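What follows is a pair of complexes built around subunit A, which joins subunit B in one and subunit C in the other.
For the complex of A and B:
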């Protein structure tokens, strides 16, 4: 089943530090994100595709291909659980960034 | 370009208002060895999960307790509480250090005898002693503490049959301010039941009065409770002497001293248990000052179990899988569960990992391998990104964990003792199915027949 792309408008306002501190000015919440998470978050903010994000992670970290894709999907679920993304319906007219 | 070690992406929201006001370190310690031995090598040799005990720690705790009481009382003997951990080697260490055996069943009694402990160095407590167990205890001159009048009547009948006059003590229940009060054991002091039991023994003609035993509870964090108990018992002993002209042979203040574990409801992690010195001071001072110092100072027995062996035991377990739970929280499944750590239901057991991490720690639920929802070792503990094969170290688990472990769904693992030279010795091999099946008897009609002649269907149904 093809995953529905997330709406990343909310991600775009997040402030990220390279040490893993993330601040959401919309809610005032802050988060700690590990190194792989930060790279994925930066990729999502920049509008990269899942393949491009996985490729970047693969270049920087020692890991297998399949694992990164699964972990990116899991990370998208974490973002959603924190209310940082909305998942649109597959037929949404909004612009797809992935 | 150097590729960095990969950890699965993790994100933890910072919650304001939940700062650690006690200022204790948060996070998790990394631990690659137990008693100086590599966790990886121990698992490779003995398998996982694996109980590891430290001989050095047990000896050191026994000596500490003996010295703490010995400095304050002229005649104190420690007893090894078998139910706390009756692995032969663990008890033998304590016996080598001079401890008596304290048992609460015929099975424990036999274990002590097999370790070469004579009956007169075995304290036999507990609410149930069978006729055969009593006969043996009387014949071997064990230190008996009666729990009920019915038991005293039984011993009287046996004494007549055996034409002997055994020495029998009584367990006395006192109000030491401990809640809930353990009033199901022995004879209540305040209501006169203890005096009635002593009268029956001292004046009945068939028995000789032994000691007064008292055990106020378990994991008692207030040494003051022992002061109250000791004072009442010492004054009761003086009263007995006045009333019947005989003195109890000894006072036994039981055990129940806390270990350096963390109770489930505790705010701090570990470190709140009084020292053995605190308990020794409370008990000895109360005994010395009872009756304005005019009571006879009787020989004292102490039965510390948890306080001696808890810290000496560690369980190594291995991560089987990790997953995201429905609420987004992380969970890991490890190969040891409540089948081996019954104590996880009332302790917040310490958990460390051998995995190095520079990454984020996430609150993680640690589940055991049983296909039961109740099999949870810790609901939430900060852990790094764990992978199958990583090890967790659970500590302290020296008290009750092994004796209360069960062959439920999985067989029990090996137990090793690290001796004082730092060498691991297997003191219990990992169980095999025959250990569980051995006592079973399968009626002939249920036994599998030869291939091709089965009465039961053999084809796969789906």
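For the complex of A and C:
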């Protein structure tokens, strides 16, 4: 894992449903994530390391290590772009509903 | 319950049009809490104010002249209505009413008209042209704002603030303009409608958040709900919104309410700038907003608190509002017969609900 650990304070307040609906109570924005996204977000919210998150995903989805790490990196980038990790008020979310 | 034994509340600002007024949201919040134990008297300024003709909203309604017609004419009509139907509390819901009501507090009190209002000083300090001064006192950022009295000062404002910038009416309405030509058009449109001076304001790119709050006059903010606008009208008014929990917004609102020792309901418009995440004060409205019922649905019934203040009763202790509660406004029609218009225009009164049905 090359990325520095994200600041997860903002992630902790996100509401995440089992269907992958994510709600940010501080901004009112909402998002949708797939099953892999749910697992990654749950891991991040719980403070798991990126290695632990990748390991959990691997057990459930039987995917190659490189692909999982790539997906997690991409997921972290998206979270950052939406101001959900170490920055606030980034570009408006593209998947926001309502 | 007979209409005479019920608490009688007069509410103004009844029109739900392109620029929705707060009266219906206030009334519906009170009905949610108090049901049929209240008798609502609608006070309308135009025979076609939509709420005037909504049978399920107000029990009876009267027409009165805008305060701009003249203070005496306004107060005389208000006192005449009060003498005829005796309301226990008046909840004014329009900006233009407050200067007259605040200046006439003693006279209104002597006639038995109870209402909650800020001090004249607080009311003046939150006006659009004094917003930078207020923001400075509260340590809140605010977009640079210039007073515009003619086309020359408008052009100077454009040079200083750059484009886009916002041209605002003294009481209502604002337009985002992207060029000097658009600014001139907006100047003429807004000044023809609202008079001069107008305001030119720096355009802050970011997300707009609004806070509805209740101040108790001592400096304490007794309840507040923040929301993000999710749908806007052409006038920039909220047509949909969602409650959020953001301590920065609540703290900012509390600082402003404390600084003004605000007494009554208010709406604080804030912007979180995209460039630096800083919160900017955009506007302070001296009454509840049209979306106040969203706060009620989130568990914080502020109109009920205001009513209690007017009656000298304790303000409810509000819990933390629920986030994620949203609304979308739904426009529908109110119908009437020519006799309804005749009653309002000739008699200045819509008949009580019981006799209409």
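FYI, the second predicted complex is superposed on the first by the 84 of 98 C-alpha atoms of A that agree within 3 Å, B and C clash if a C-alpha of one lies under 4 Å from a C-alpha of the other, contacts with A are read in each partner's own complex, and residues count from 1 in each chain.
What we mean here is this: contacts are C-beta pairs under 8 Å (C-beta built on N, C-alpha and C of every residue); 3 or more make two chains touch, one makes a residue touch a chain.
Everything numeric in this text was worked out from a predicted model, so none of it was measured.
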First (subunit B), second (subunit C), both or neither touched by A:7: neither
Touched partner set for A:27, first subunit B, second subunit C, both or neither: second
Which superposed partner A:77 touches (first subunit B, second subunit C, both, neither): first
Partner chain in contact with A:36 - subunit B first, subunit C second, else both or neither: first
Residue contacts with subunit A in the superposition, subunit B compared against subunit C: B
Partner chain in contact with A:69 - subunit B first, subunit C second, else both or neither: neither
Shared subunit A surface residues [contacts with subunit B and with subunit C]: 29
Of all residues in subunit B, those that touch subunit A in their complex: 1, 3-14, 324, 327-328, 358-360, 385
Parts of subunit C lying in touch with subunit A, wherever the complex brings them together: 206-207, 227-228, 230, 240, 242-246, 272-274, 277, 323-324, 326
Complex interface listing, subunit A residues touching subunit B: 20, 22, 29-37, 40, 57, 59-63, 67, 71-72, 74-75, 77-79, 81-82
Complex interface listing, subunit A residues touching subunit C: 15, 23, 25-29, 87-92, 98
